[in-house]
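Which chain is which? They are A, B, C, D and E, in the order written, and residues in each are numbered from 1.
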Amino acid sequence: MAGLKLSAVRKAYGATTVLHGIDLDVADGEFVVFVGPSGCGKSTLLRSIAGLEEITGGAIAIDGADVTHLPASERGLAMVFQSYALYPHMSVYANMAFALENMGFKRDEIDKRVRRAAEMLRLTDYLERKPRALSGGQRQRVAIGRAIVRDPKIFLFDEPLSNLDAELRVATRKELAALHGEIGGTMIYVTHDQVEAMTLADRIVVLRAGRIEQIGTPLELYNRPDNLFVAGFIGSPRMNLLPGRVTAAGKVALGEGGHEIACATGDLAAGAPVTAGIRPEHLELAPEGQGLPLTIELVERLGGESYLYGSAAGLPQITLKLDGQSEHERGHSVPLAFPQQKLHLFDEAGQAIRP
Amino acid sequence: MAGLKLSAVRKAYGATTVLHGIDLDVADGEFVVFVGPSGCGKSTLLRSIAGLEEITGGAIAIDGADVTHLPASERGLAMVFQSYALYPHMSVYANMAFALENMGFKRDEIDKRVRRAAEMLRLTDYLERKPRALSGGQRQRVAIGRAIVRDPKIFLFDEPLSNLDAELRVATRKELAALHGEIGGTMIYVTHDQVEAMTLADRIVVLRAGRIEQIGTPLELYNRPDNLFVAGFIGSPRMNLLPGRVTAAGKVALGEGGHEIACATGDLAAGAPVTAGIRPEHLELAPEGQGLPLTIELVERLGGESYLYGSAAGLPQITLKLDGQSEHERGHSVPLAFPQQKLHLFDEAGQAIRP
Amino acid sequence: QTTVRIAWYSDGNEGEVLADLLKRFEAGNKDIKVVLDQVPYKAITENLPVQLASGQGPDIARVVDLGGVARYALDMRPYLKDASYWEKNFGPFLPWMRPEGDSSAITGFMTQLTVTGPFVNKTLFEQAGTPLPGPKATWEEWGKAVKDVAAKVKAPFPLAMDRSGHRFFSVAVSEGAKVFDDKGEPAVIDEGFKRGAKLVYDWHQNGTMAKELWGSVSGTAYRGANDEFKNAQVVMYQSGSWQIAQFDKTVGDAFDWVAVPSPCGAGGCSPMPGGAGLVAIKTTKSPEAVAKVMDYLASEPVLSEFYARSLFVPGHLGIAAKGLDYAGATPQGKAALKVFSDQVAQISPAAYKLQGYANNRVIFNAVISRLGQAISGEGSLDDAYKRIESDVAQQIAERKK
Amino acid sequence: MASAETNPRRDGAGAAGTLAAPLALVMRLVDWPMRALQRLIGERRMAYVFILPNLAFFSLFVFLPLVINFVFSVTGGAGLFPSERPYVGAQQYAYLFDCGSFLDPSSCREDHFWRGVYNTARFTVFQVTAMVLFSLLTAVVLNMKIRGRGFFRAVYFFPVLLSPVVVALTWKWILQRDGLLNAALTSLGGERILFLVDPSWAMFWIVFVSVWAHMGFYTLILLAGLQAIPADLYEAAEMDATPRWRMFWRITLPLLWPNMIVVIVLALIKGVQTFDEVFVLTGGGPGTATLMIVHYIYETAFANQVQNFGLAAAASVVLGVVLFALTLAQLAASRRKGAA
Amino acid sequence: MSLVTKLATARRKPGRWHWTDIAAYAYLALGVVLMFGPVLWLGMSSFKTQAGLLEFPPSLLPMSQKEVTVPGQSQPLPLFEVTMPDGTKRVLAQVRRIGIQAQMIDPANPGETIRVPIEGRVPVREFKLATENYTEPLERFAFTRFLWNSVFVTLIATIITLIINSMAAYALSIYEFRGKTAVMLMVVGTLMIPITIILVPVYLVITKLGLVNSLWAVILPGAATPTGVFLLRQYMLTLPRDLIEAARMDKASEWQIYWRIVMPLAMPALAVLAIFSIMWRWNEFLWPLAVLTKTESYTLQIGLNAFQGELQTQWHYLLAMTVVTLLPVALVFVFLQRFITTGIANTGMK
């Protein structure tokens, strides 16, 4: 187990720069998740850490030792690929033993380790099978097993669950959390699934176009996004982001309608254009006659909760989440209240205004 | 636009029967969704309706006319495939025009129809592109456009959104709902996505191993599942299903611990084994010292809501959904209350006991 | 122990016979091991020259292109037991195997002297009720007679002639072709040649000859009609002495066949001589041993046995003079062998000269190739004449470079 | 049991059978020096180590001979070693291209070369056309849901494994005057046809035999292409009420096109190279009606008494240039497909 | 073409016979006859006697004339069915033939001689395999020696080819390195050079290496086949990159990745190359003929062709020996058949 330190890591393919100087400290035993939109460089960063890509600039240190120019095979890391990359011609056992053989372990030591990992992952019955005779979830576990047996300094995961179906994804996610609890290794995990990131991470790193937007615990990101991008990216359904304008300290007028809400505006002068953000689950229904009137365009009732999509003059579509099975119908108008303590405000550059 | 009537539709591949007599009436303009676990025969049923599979028994009538032995090309239906099945060598325009050309339409009529559909689907700018130059969502729209231009009697969809990523899926789902509102055609839609089924359907047909388990509106299925299967299948996260035993009329003891809850038991005699079901969102925290004590094993905080997974003596893992960011931690014990009106009870055969 | 390797191709059973004889030699000469490498004929014509040119050849080789290989031949004279025996018995043939400009070397002997000549299906003549033309009959007369017979008995090949330079020149020389000018340089196209060529060309035009042999392949490829003759589809087959063994074995008593003397023309009644020589190769490491083997094989009793068992016309004057008893042959075969042996005396000087000419294959190949084209309708005879002359000139020029 | 599975022998070799065990051992022993080497020169430069053996063989037995061949083509005489051959410059090429009119081979100095060129061109065009049509037809039939598909595929592929000489011999035995085909013809009351003596028939039959022998290979390529066409496209087309013929022209053919290009180019290249089969079957005849370029080269270099390596080499250089162009065309075509 | 269109798009329902099915089966049946027929015919012909081979019309099965031993005759006599002048038919044995008359006797009644015109007799024949077509040449030549040489050449050459070609293909498909394009161009450029046209230069190289008459002279020159490199490379390009990277993460050396990961996964392509290599090597004729001149180094193809003389070809032997050399190909075909169809389809010969 080991810590990891990235200093100004840059990566360019020819003329296009994919990573623009990434700085990151990962503590020993920490579970760090990279999220970000497709193509933002998550995989590239992970592969650079692994040594599968040569970085263009900066340095990578594992446990204090510089590994920037070490080939992948000598960094002592383990990686779980999105495709699992199991050796299709080898049995599960051989798949797990392969790395140990390469490292020159004795036959009985190999056997001991493989069996222990197999037991932990409930794979003991499948050791003789070839990967193609396994289900998706089992394959995924073999891929993890292959990483575990080596007792690596750091585990790297590149969207390991994205090939599983919804139900299995949930189950495996929970297993992964349990596993981290059990072996406690340093783990770096790439995903674009909200829920995975929120539930697994000690810390989340939000990437965008090769730059880090914010680093923090899941709830920090949810509760206090640093900027518009993070605010929009974290949370599902997306936060409602409504353009507005500061009318006075503590007052923001929304959209063209100019509906005024109370909101901490920090140092912003009156007239400054801002964006007010509020999550669908935080919007409340105001008492009749007050609040912003919202004309409902679509109602989705999922049983346990309902989503209302509606429009208000001069504002983008607003999503509202209600518990239970809402009675509202398309065409109804409901008054919206914006609870002040749940509001987020962003300045013209998209930076959060902290109260 | 037309109605559809299936009478005792059977389908067998050699010795294995895939559909065991399906009866279904779809009204003109209705949006019907087929759901069910993988391999239950959803696609087969849809393809049988389309005429791509010859059925082994029963009859299919469209608008009252028997089409059982008509080939697909003469049934006048349109289908959107999971893979979209766009002709890769033809432009978007040609893809949409292909069917019309086959049907012998005049050139300007074709042009008119294609352009109208393209407009409706916001594809006008892409008409000259080949499918490979389109994004996933655009391709999906082309596939729908190809169906629309023909003005078919019924639209058939086989998991049309499953190849899209999460965000796009949500957006397209809403578009589909809007489209149905606009053109109002009869639509039959296969999915295994809970949310799609709940939000799009007028009625949902739950299939299991080639048989219909229940037909009803989404909320009917959510609120009043006919049996254990539907109860477990509809709703996410799954309903907690807890084995128990009737101790007296209106009383059920759960698991080995024998925690007793109040519940309408219908005609069941004391001692009858039952399953009690309650959805994670309906479980409540009881006042301290009362209720079933649940030891928390895992907490997932998603920001707007939290899931608690815990165990109680002799019962399977119980999931509990709480609004907001729960303070509970792993290892804590919380007391559970089972609100009677939210409880579902199923007899030994899995049939719901209606109060 | 020295090893002597012989590269040998076979048409019939001569390989077996030789192997037999060599075994006896080895028994008497423990210090010499003789290995007989039996190869396809193709290896001798196409690969042996390359091998010899690169110094990789065998010690002894059975070759047909005597003039071509002569450059690589070993003069065994210093090593032979009795050179005069060789001169006496192989005299006329020794020059064939000598390098150009050499007039004394002894490089090998003829394993077989071939003489071209026609075989006739006598039974077909009988069935047609046509008498056989006499011994001095001309080619024209034969042509008419066989056409007549074929028409009566519905044989598809009145006259067949191997697609080969030797066979053609047996006609051309009889018609008076001289082939060389006074200086000894090739002058292939003369009146005699043209008469012969016209004859063959016309035969193809009027159906006396079928296009299948001369017209069916290109270039220098050989085609024979022995299979068709055996199948009684050929009335007269202009081939040569080497066919006897085969006919003897495979025709059986299906019909009567006879060899007849070479027909005549304006230039006489000469057949073409030819054959395969066994030649010692210069690059050998042990010329003494080679000479010893050759001496053994050329010795009269051994060679007699060889000729007799393989049913070859002897290329040894002494044996020829004595006459050979072909013990294994049927009366028909014996008769035919006699006819051919007698024909040796009829060979004209022009024919000898052509056979002895080092580059004779250049001439043969050009003639076959170009005449074949004319016969199959690609160009006229005159075109063919021009091409033959230029082909010959070109290749000889290339060789001299 | 588990350790047996991990034994590299089992992993490494598969079908190679008994040879596998010693081979695996050798390979394992090779690993030590290889690992050391890798440490020395780095991971990426190992590529050179892997390419080296093949490159060495290649240079020695292909590239060097090609160079020697070129040297032959600019020298003359009958000598075998380049040192024995006088330099003649472009003379051999001049001979080849010494023509009154390129359209009339008989006006050329090397008329057989030009006949070879025209015959080869004609043969190639016919052969490619027939090859494409029949392998397409066969692939389409084999792509149907047919019982015993594997067997039939094997049947059509089987002649590909025969050597050209066997192929030619087999058919010669059928086509000659007294062959099977004429026997059938005469027993049906027809006249014998001299298939290999009539120029048009001869050309027909060499095309036929060539298609017979190689069709299986191209069929497999097309079959792979057909199978790569997603079935749901046909279903979509069916839903679109597409008539059958239109499905073939508008869907099957366009989507099969990349494979068709491969087939066309490969067949083209093979056609230009044709030699053995035709040589044994017709010997280039009747006359020179089926004389191919390679046959000309062979004959010039070997069959003539004066083996004219220089002229043959010049002709082969010309042929090589043509083949190289065709190969590049194939590459370009497949590139374009790759981009597609 | 309309047949093609129908066939191309035929999607039939199970259990129903569309006319295209019938057409397809008919076409396939024709295919079986056309593809197997000629070779079968060759095989059967190889069992005919030299005379039987030439007869017209040819008999389907190897037949030969029946013979009887008749008392008083030293040799067995051939049997004929004879149409007598009165129209009756009798089976008679022929004693001799003189011109167009044959002297015959009735085997049952050997005393009486009957004269028959030769057109009036038809040979009585029986089924008989002329196995001597096989045994004679095999006895005459050092068959086992040739066989061993052929097997040795074929196997060793194939192994070398597989190894060095796959190594090169591995380098060309997995790595980026300087000079890669040049190497690729060289491979592709020579893909289509027929050996016939560089026979002499290669011979010179072999001579200089002193390999003439060694089996290595046959094995080595063809080992670095451009076709093999190309085919294997195309296949390896389809292997997932992830596997190789996973192996690197697993601390495998490059050699191990090649040998333990890439090779097993390239098995279908290797099998195809193996099949082709075996065929090429086994059937090779022109080249061994040029470099092998000693009996003890002959391969089967040369050894068994030695009865092709200048003036005569002994067809019965030639056919029989052709069949002999065909057998291993047939075996290879039977065993590796399943790889052929999948292999070529996937080797991206596209």
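Everything that follows uses one rule, which is that a contact is a pair of C-beta atoms (placed from the backbone, for glycine too) under 8 Å apart; a residue touches a chain by one contact, two chains touch by 3 or more.
What you see is a predicted model; the values in this text were computed from it and never measured.
Trainee: Moving step by step between touching chains, how few steps can get you from chain C to chain D?
Mentor: The fewest steps needed to get from chain C to chain D is 1.
Trainee: Identify the chains adjacent to both chain A and chain D in the sense defined at the top.
Mentor: A chain counts here if it touches both chain A and chain D, which gives B, E.
Trainee: More contacting C-beta pairs: D-E or A-E?
Mentor: Output for the comparison: D-E.
Trainee: Return the chain label for which the distance between chain Cα mean and whole-protein Cα mean is smallest.
Mentor: D
Trainee: Determine the centre-to-centre distance between chain B and chain E, using the mean Cα coordinates as centres, and give it in whole Å.
Mentor: Averaging C-alpha atoms per chain gives centres 61 Å apart.
Trainee: Once you find the CA centre of chain D and the CA centre of chain E, what distance in Å lies between them?
Mentor: Distance between chain centres, rounded to whole Å: 17 Å.
Trainee: Could you tell me the distance, in whole angstrom, between the mean C-alpha positions of chain B and chain D?
Mentor: The separation of the two C-alpha centroids amounts to 56 Å.
Trainee: Can you work out the whole-Å distance between the CA centroids of chain A and chain B?
Mentor: 27
Trainee: Where does chain D touch two or more other chains at once, residue-wise?
Mentor: In chain D, residues 11, 14, 43, 80-81, 178, 238, 302 touch at least two other chains, as defined above.
Trainee: Quick check on chain A: which residues sit in contact with 2+ other chains?
Mentor: Chain A, residues with two or more chain partners: 71, 73, 89, 98.
Trainee: Please output the residue numbers of chain C that touch at least 2 other chains, ranges allowed.
Mentor: Each of 45, 47, 50, 54, 231 in chain C touches at least two other chains.
Trainee: Please give the residue numbers of chain B that touch chain A in the complex, ascending.
Mentor: 38, 165-166, 170, 174, 177-178, 192-195, 198-199, 218-219, 222-223, 234-237, 279-282, 298, 300-305, 309, 321, 323, 325
Trainee: Flag every residue of chain C that touches chain E in the complex, lowest number first.
Mentor: Going through chain C, the ones touching chain E are 5, 7, 9-12, 15-16, 35-45, 47, 50-51, 54-58, 64, 122-123, 126-127, 162, 222, 224, 226-227, 230-231, 240, 242-243, 246, 250, 252-253, 256, 276.
Trainee: Please give the residue numbers of chain E that touch chain D in the complex, ascending.
Mentor: Result: residues 2-12, 20-21, 24-25, 27-28, 31-32, 34-36, 38-39, 41-42, 45, 54-58, 155, 159, 163-165, 167-168, 170-172, 174-177, 180, 183, 186-194, 196-202, 204-205, 220-224, 226, 229, 248, 253-256, 258-260, 263-264, 267, 271, 274-275, 279, 282-283, 285, 318-319, 322, 325-326, 329, 332-333, 336-341, 344-346, 349-350 of chain E touch chain D.
Trainee: In the complex of these two chains, what residues of chain C are touching chain D?
Mentor: Residue list for chain C touching chain D: 45-47, 49-50, 53-54, 65, 67-68, 156, 210-212, 215-221, 223, 228, 231, 359, 361-362, 365, 372-373, 375-379, 383, 387, 395-396, 398-399, 401.
Trainee: Within their complex, state which residues of chain A touch chain E.
Mentor: 47, 50-52, 71-74, 77-79, 81-83, 85-89, 98-99, 102-103, 146, 150
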